[in-house]
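The structure under discussion appears below in the form of structure tokens.
Order of writing sets the chain letters: A, B, C, D, E and F. Residues in each chain are counted from 1.
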Amino acid sequence: MPEQPLIRTLKEGDAFQGFLLVQEAAYKISAKGSEYLDMKLGDASGDLKAFLWDVRAVEGDMNAIRADTFVKVKGAVSSYNGRLQLKLDKARFAADAEIGDFAVFFPVSQRPVPEMLAELDAYIGSVRDPWIRQLLAAFFIDDATLRAAFAQAPAAKSMHHAYLGGLLEHTLSILGMAEGACSHYRNLNRDLVVAGVFLHDVGKTAELSYERSIGYSDAGNLLGHIALEADWISRAIGKIEGFPEELRMQILHIVLSHHGRLDFGSPVLPKTPEALLVHYLDDLDGKLEVMFRAVQEDAGGGSWSPFNRALERMIYRNRWPVVGLSKTEQS
Amino acid sequence: MPEQPLIRTLKEGDAFQGFLLVQEAAYKISAKGSEYLDMKLGDASGDLKAFLWDVRAVEGDMNAIRADTFVKVKGAVSSYNGRLQLKLDKARFAADAEIGDFAVFFPVSQRPVPEMLAELDAYIGSVRDPWIRQLLAAFFIDDATLRAAFAQAPAAKSMHHAYLGGLLEHTLSILGMAEGACSHYRNLNRDLVVAGVFLHDVGKTAELSYERSIGYSDAGNLLGHIALEADWISRAIGKIEGFPEELRMQILHIVLSHHGRLDFGSPVLPKTPEALLVHYLDDLDGKLEVMFRAVQEDAGGGSWSPFNRALERMIYRNRWPVVGLSKTEQS
Amino acid sequence: MPEQPLIRTLKEGDAFQGFLLVQEAAYKISAKGSEYLDMKLGDASGDLKAFLWDVRAVEGDMNAIRADTFVKVKGAVSSYNGRLQLKLDKARFAADAEIGDFAVFFPVSQRPVPEMLAELDAYIGSVRDPWIRQLLAAFFIDDATLRAAFAQAPAAKSMHHAYLGGLLEHTLSILGMAEGACSHYRNLNRDLVVAGVFLHDVGKTAELSYERSIGYSDAGNLLGHIALEADWISRAIGKIEGFPEELRMQILHIVLSHHGRLDFGSPVLPKTPEALLVHYLDDLDGKLEVMFRAVQEDAGGGSWSPFNRALERMIYRNRWPVVGLSKTEQS
Amino acid sequence: MPEQPLIRTLKEGDAFQGFLLVQEAAYKISAKGSEYLDMKLGDASGDLKAFLWDVRAVEGDMNAIRADTFVKVKGAVSSYNGRLQLKLDKARFAADAEIGDFAVFFPVSQRPVPEMLAELDAYIGSVRDPWIRQLLAAFFIDDATLRAAFAQAPAAKSMHHAYLGGLLEHTLSILGMAEGACSHYRNLNRDLVVAGVFLHDVGKTAELSYERSIGYSDAGNLLGHIALEADWISRAIGKIEGFPEELRMQILHIVLSHHGRLDFGSPVLPKTPEALLVHYLDDLDGKLEVMFRAVQEDAGGGSWSPFNRALERMIYRNRWPVVGLSKTEQS
Amino acid sequence: MPEQPLIRTLKEGDAFQGFLLVQEAAYKISAKGSEYLDMKLGDASGDLKAFLWDVRAVEGDMNAIRADTFVKVKGAVSSYNGRLQLKLDKARFAADAEIGDFAVFFPVSQRPVPEMLAELDAYIGSVRDPWIRQLLAAFFIDDATLRAAFAQAPAAKSMHHAYLGGLLEHTLSILGMAEGACSHYRNLNRDLVVAGVFLHDVGKTAELSYERSIGYSDAGNLLGHIALEADWISRAIGKIEGFPEELRMQILHIVLSHHGRLDFGSPVLPKTPEALLVHYLDDLDGKLEVMFRAVQEDAGGGSWSPFNRALERMIYRNRWPVVGLSKTEQS
Amino acid sequence: MPEQPLIRTLKEGDAFQGFLLVQEAAYKISAKGSEYLDMKLGDASGDLKAFLWDVRAVEGDMNAIRADTFVKVKGAVSSYNGRLQLKLDKARFAADAEIGDFAVFFPVSQRPVPEMLAELDAYIGSVRDPWIRQLLAAFFIDDATLRAAFAQAPAAKSMHHAYLGGLLEHTLSILGMAEGACSHYRNLNRDLVVAGVFLHDVGKTAELSYERSIGYSDAGNLLGHIALEADWISRAIGKIEGFPEELRMQILHIVLSHHGRLDFGSPVLPKTPEALLVHYLDDLDGKLEVMFRAVQEDAGGGSWSPFNRALERMIYRNRWPVVGLSKTEQS
């Protein structure tokens, strides 16, 4: 796959030739009764509308062009109503094999994966409780497939951290807060909290499908990530001889209760301090990520974000400047 | 343990000597400053208040007499304010070893256990799907411990079928209705429904403690019966080579979703016809049992039951007589 | 009205001439500033989009063409974006009088009405309680108008059984389940249950309007079917000399409480076993019908139905095959 | 029945002999093992605890003394812990026939019934719409039994206006406010509002039982006052030849919707201005009555009423004085 | 600004030249790839769609034409699909300075402002409590800026009285009802009620922005009108020497509690009769305004209003005629 | 006031003479008809039941002995039913003036007040934003009365930190967590968070009354602590010339929204990252305090705490031991 410009860098008048991900595609009828192709095309940096007014200009199998496939297109960037769009001269379905690096086309975490995995390893290394360390190693070190999936999965379909690597980034962020909380509240069992944070969303690797755009798997819809990961934990513990039943129950309790409310899908309420903490830090981290994103997106767009569905409110974007920091530090 | 009359058969003026279960016990101070023992004693047929006015008449360790232990008592039945009570001359703690048959002291299902187990076996035998039959056999035939527990456990702490054998009785009752429903709605997979009904509450054998009065185990409070049984099913399936993943998901889905609502503790909603059916029949059977009991209890006590906490309403006790049945058939 | 092909049987390239029901109609402005007619046309077998690009080709009164009227059209079937549509050459308003059989244009129950009415009669004949039999006969046998409406009405506007004959089909389906339930739970008064099922939705014949597409009548919106049928029952009973007040109350109670919850429009909760049963079987039957339809519709469309508004979830369409049935039996 | 002092007028040391209503009664066991009679006795002015320490002093049938019967007692008023109580020397069951005037023993409205009935008649006389006037006359003038019941019934069991005559008082109070509202909002149909107010709670005469203490009748529990009065209205209208169907629907709509929310027992929401108004004025009048009572009761008891169950809050009792009124006007 | 016809008076075929408010504007792409301007234009009497098919006919800065600006347009009224629309020949952005009277373009109260202000003054003059009169004068008489804003602000963004002058009209309407209520319920402190009504929504002058179309200010979104007005009241009282703390608390309580429920944004529940009354009359007045508007709008459009979001129901438009009024009085 | 032993240190058989706080007091009637005094007496270390069997042994004014007063008593410790109690020989009302140090009788924070105030001062000193530092100084340094109240007030009546000094302890604990969160989430404005934490509950100094047992003040019940502190903040800012309006809004927003939900009494939802963080850390800190207390109380009493009303669940008391800590560190 040759070099091609990122969508975010395009300007009116630019020519564009290259591969793009089809996010939406429909053949529509114009008022003249002729057919045209109306698409939303994207890469990891953004997306724009694209039109091919003469469907005869589609090469190859027209029906292969569908959401979540790739197209190769040629056209020019124009601007209508303040938004850029692509006016295409040609379009054809592109097989996955033609695509060098999927990561170019899907949003990904801004933190490099190797750096995040090193942090994950360090956390596991810091666990002093031998049972917990063994359990976490079984998941995230010994099981290479899971380790890879855990590094690739998003944290959600749309609510928060909805990009590749988001699950790992979210997990590490909670761990950072948890470390502080365990220093602050001295009665917490830090290693138990670490276990809970690591495992609380691991089932999302199977609940979600994220080879292309993020969706739910059948197992995700039928069982949900909480039941999936509870099953995995139980099996992994079953392979560790002598694992204490009491500890097993307390870890499973954190995982089962981490949504904090029955109507949010947890079959039990948090009943230990560690379970309560994991619930709060998980919830806080997800919601703050949403807020920061809302504040930063379209920063020029007024004091208020659009209505945010995840938080069911608009977010206030005006930031009170931090005193004692230079402008560049404040970004 | 010698023969002794059932509480239900006692009349004012009777002498009573024998063993009883302590349901409540407290040492209280009379207005004269003297101490007396105030208890609620029971057997499977009922319970009554019992008083020992002179604590010096307690033999042995006074503090051993607590809720959920047994006492041996001697006294007489008197009647105050329309209710019978025991006025005791003597009382002493009785060790479990002295009790011949615990079943004498706890409420039990009115259906004989062997009859119910035979019905259970017949249902398993009727399953034509080989995977489902194997799974149910692994639970209820091959695992003698679970089979015994399944025959002994209550279906709930207090909501419905809250007596020994209640879980099995409730399961069989749902199966009876399910059989009819699968004939009626021809698109249902009957064997899948049977699997769902058998397994939907099997975790209650571990969620509840019922050696004496019914309570929750630690695992019950921390994990709940849904997570417990999902774990067991997953493990049991893991031991059946070649068990289809699709079937595994659909069975687990029925179990996880059978409370029908997230705020009632199901982490997912029923999304297959079989899961929907199991939810409705389970719910209906439990609520009808409550209603029938409310109608029958204290039948002389007016048109209305007391406020029923499980159903959050009073139940109307007046029954419109069935035409074409003799009086005796109608009871 | 001459023979014409069903919409379901049309193929790309077919010519079509005949009458169709207008489900939606709008005159729109094309980008060229010219006006065209954009419609959704249907018969009982399905519907498709239809366009008449030159409004001058509309014969007669253009404004008469509105939702819930008929049109006579002439055109050809084309295919755009994987969906068939009609490109019209001509269109004109068609008076009701031109339409031979309305049933050709509205979805109807798959069960023949005479068969269903025979089943209804058999149920009434099976009632042994003379008061109940008299009451049901007054409604469904003696009152020919109501009998006809009951055989024609849908069971709902959109939630379930939303087609002509749906109310009768739904009622009979519940009766089938109720029969089984009354054998299973021996304490139920079967005739009282039968009365409740027959009458629980009879008010829908007046709550809904269904001469054409289904809607609500003024009385339906102002009073609702529960109040309507309670009124009818009270009047019908008033004409049966000596009808027992106790039975009157119990029947009205079933009807008033059959939605099961106050916030679902029942002014009282079910307080008798019969009322509870009718509520559950009604609810179950409606929801199962929705599920089965979702499973069957667009069967090729993936494992999951679209989000279903009536059930507020997607339905899983993958069916685990019934063992011991040949392929044809499983459809 | 000879003259006897009202409970409210009793002082410590007074002797008392006379009839009282039994509100609660129980035979209890003292610490000495002897039996005593513990009662709460009342008349319309208040109630107090009463003890008979030697049950042998009960004359006649001990078990006849129950809640909602009368007793004849003899004893003296003493004061314990800041509250007056009766120490009895004698007590016996008193048959209803011995009681001259039940009204002496149950709380009643402070407005004289004849005055209220005159006001009711005036309202009916003021109705200009002939159909509405006829309907109201049928209920409240022509039907002497209903008129009497309407003048005697309470408005609720415990929420508000829970005393004899409360229903009529509450109805008239709403009418007073409604009169003002109809002058203020000129688009309201005043006669329709008057009909709605008159009829909105008339079913309470049958929903409640109030010969003695207030309770629910069987019909009340099974059907509720809304269904009861809808039935009555429908029947009454059925007897008025030519009564317009449109008006019938609008009146029934006001009655059915007057609780304002489905979860408060109205099967439909208010959808006309008149229905909305009746709902608000009814709700306001009931809640204000509760507040005023809370403010006035135990006026010396601090700034706050006890937690009020009807309103789910405490009421603030401190009143900001009205300027321009003398002290006596402000009470 | 020269005279121009009101939108409400336009008929098909009329030419139109003049200024209009842009309610919505978008540059869209036609199927031919050409750009057109699609707008919704309005004045205080109504709005209609407007199209300029050739964007080259836009004079001046195309991008200046946005929602909440003005345009000068020239074109003709045509009718499509039963609705009028404007087909434009020309359009240009119009600066605010060109607009003579904003009130021509935004919906306003039908009551003249001077008349309403005179009524406001009369109410303040009628207050006998000197503290309350002083407080109200400080707000509405002495503070000319607030007085002006209070006369101009709408009562809400969209729920009710959503037009200029709506806040004052709503306030006076509640006062009218309150006057009647205080005569009816003699225990109410009328001056306290008047204070509560006057101040309950005064913060809306700052919560909403209404120079052009109605929106929320930053302070409105961050603090809400209840917190805003509580702050203002506290400051105003701080400037009145000797203002009694008890009265201060009771006034603030009415304001803080006037939404009646915590989940509707009141941090406390109404706990005094005056607070309860203000809540009910405020709620009633807003909802009645919505109903009357729904009844009157599009009076020819059938018995039912469209689904009303503020009330979450459809409104019944059929009015039962008032007897004794001539036709003209009934409008 | 002479030295006296703490209640926690008393053993059966000890004599006791000294002052105690009356938590509950009632004169009751014994079965013999004699009167006795039944009290619950406490100091900061605990409480126990106390009985004076002969009321004639009460010296001075019997009625002065009420909840929240002090008594001087003389008696002996006895043990009944496993609990200690006081059998009194004498009791008399004790005036407040006789009590040396109220702190001896009410539960207090385990952290010394001077240490906490030093920490508070350090936090204020660390604020780099000059406006925020000035505002906090105005509250907690310059206003000696508020500073004293802030150091003395509890954080709640019963939910969490319900003891003297609890408000300050709770505030500092949140600040500790907030410090960590602001290092972790780099986009937060730390000084703004600090302001929000300091001020979020400061109104509790006036909402609660805590000279004796904790209750609500009139202002607390009528206005609530959120409205109280919003008023104070607004006034304090009003005295700081040039205080930026943007910062004022953002601080008030944090305070108004810190309950996180409208139905929990916040009139607005958190709409800035800082407001969201303060809400979560406040909520977490309160709930963890409740959990830790539940875990530690009655540590010998089984795996589960009693049902906890603040958290609406039982708390699991079994702690999984921290690895690498000696036993003494783990307490």
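To be clear about the criterion, contacts are C-beta pairs under 8 Å (C-beta built on N, C-alpha and C of every residue); 3 or more make two chains touch, one makes a residue touch a chain.
Nothing here was measured: the structure is a model prediction, and the numbers come from that model.
Note on A-F: its contact pairs, compared by residue number with those of D-E, C-E or B-D, agree for more than half at D-E.
Two copies of one chain, subunit D and subunit E, form a contact in which over half of the residue numbers belong to both partners. Farthest from subunit D, judged by the mean position of CA atoms in each chain, is A.
Centre-to-centre separation between subunit B and subunit E, using Cα means, comes to 61 Å. Centre to centre, using the average C-alpha position, subunit A and subunit E are separated by 43 Å.
Centroids of subunit E and subunit F (each the mean of its C-alpha atoms) stand 46 Å apart.
Under the contact definition stated at the top, the residues of subunit E that touch 2 or more other chains are 30-32, 218, 221-222, 250, 253, 271, 314, 316, 318.
Of all possible chain pairs, the ones that touch are A-B, A-C, A-E, A-F, B-C, B-D, B-F, C-D, C-E, D-E, D-F, E-F.
For subunit A in complex with subunit F, the residues that touch the partner chain are 128-130, 173, 176-177, 180-181, 183-185, 187, 189-192, 246-247, 250, 253, 269, 271-273, 276-277, 280, 283-284, 287-288, 291-292, 295, 311-316, 318-324.
Taken together, the subunit E residues at the contact with subunit A in this complex read 26-33, 35, 63, 218, 221-222.
Residue ranges of subunit B in contact with subunit D, taken from their complex: 30-32, 34, 36, 51, 53, 80-82, 85, 87, 303-304, 314, 316, 318. Contact residues on subunit A toward subunit B in their complex (touch as defined above): 218-219, 221-224, 226-227, 230-231, 234-235, 238, 249-250, 252-253, 256, 262-268, 271.
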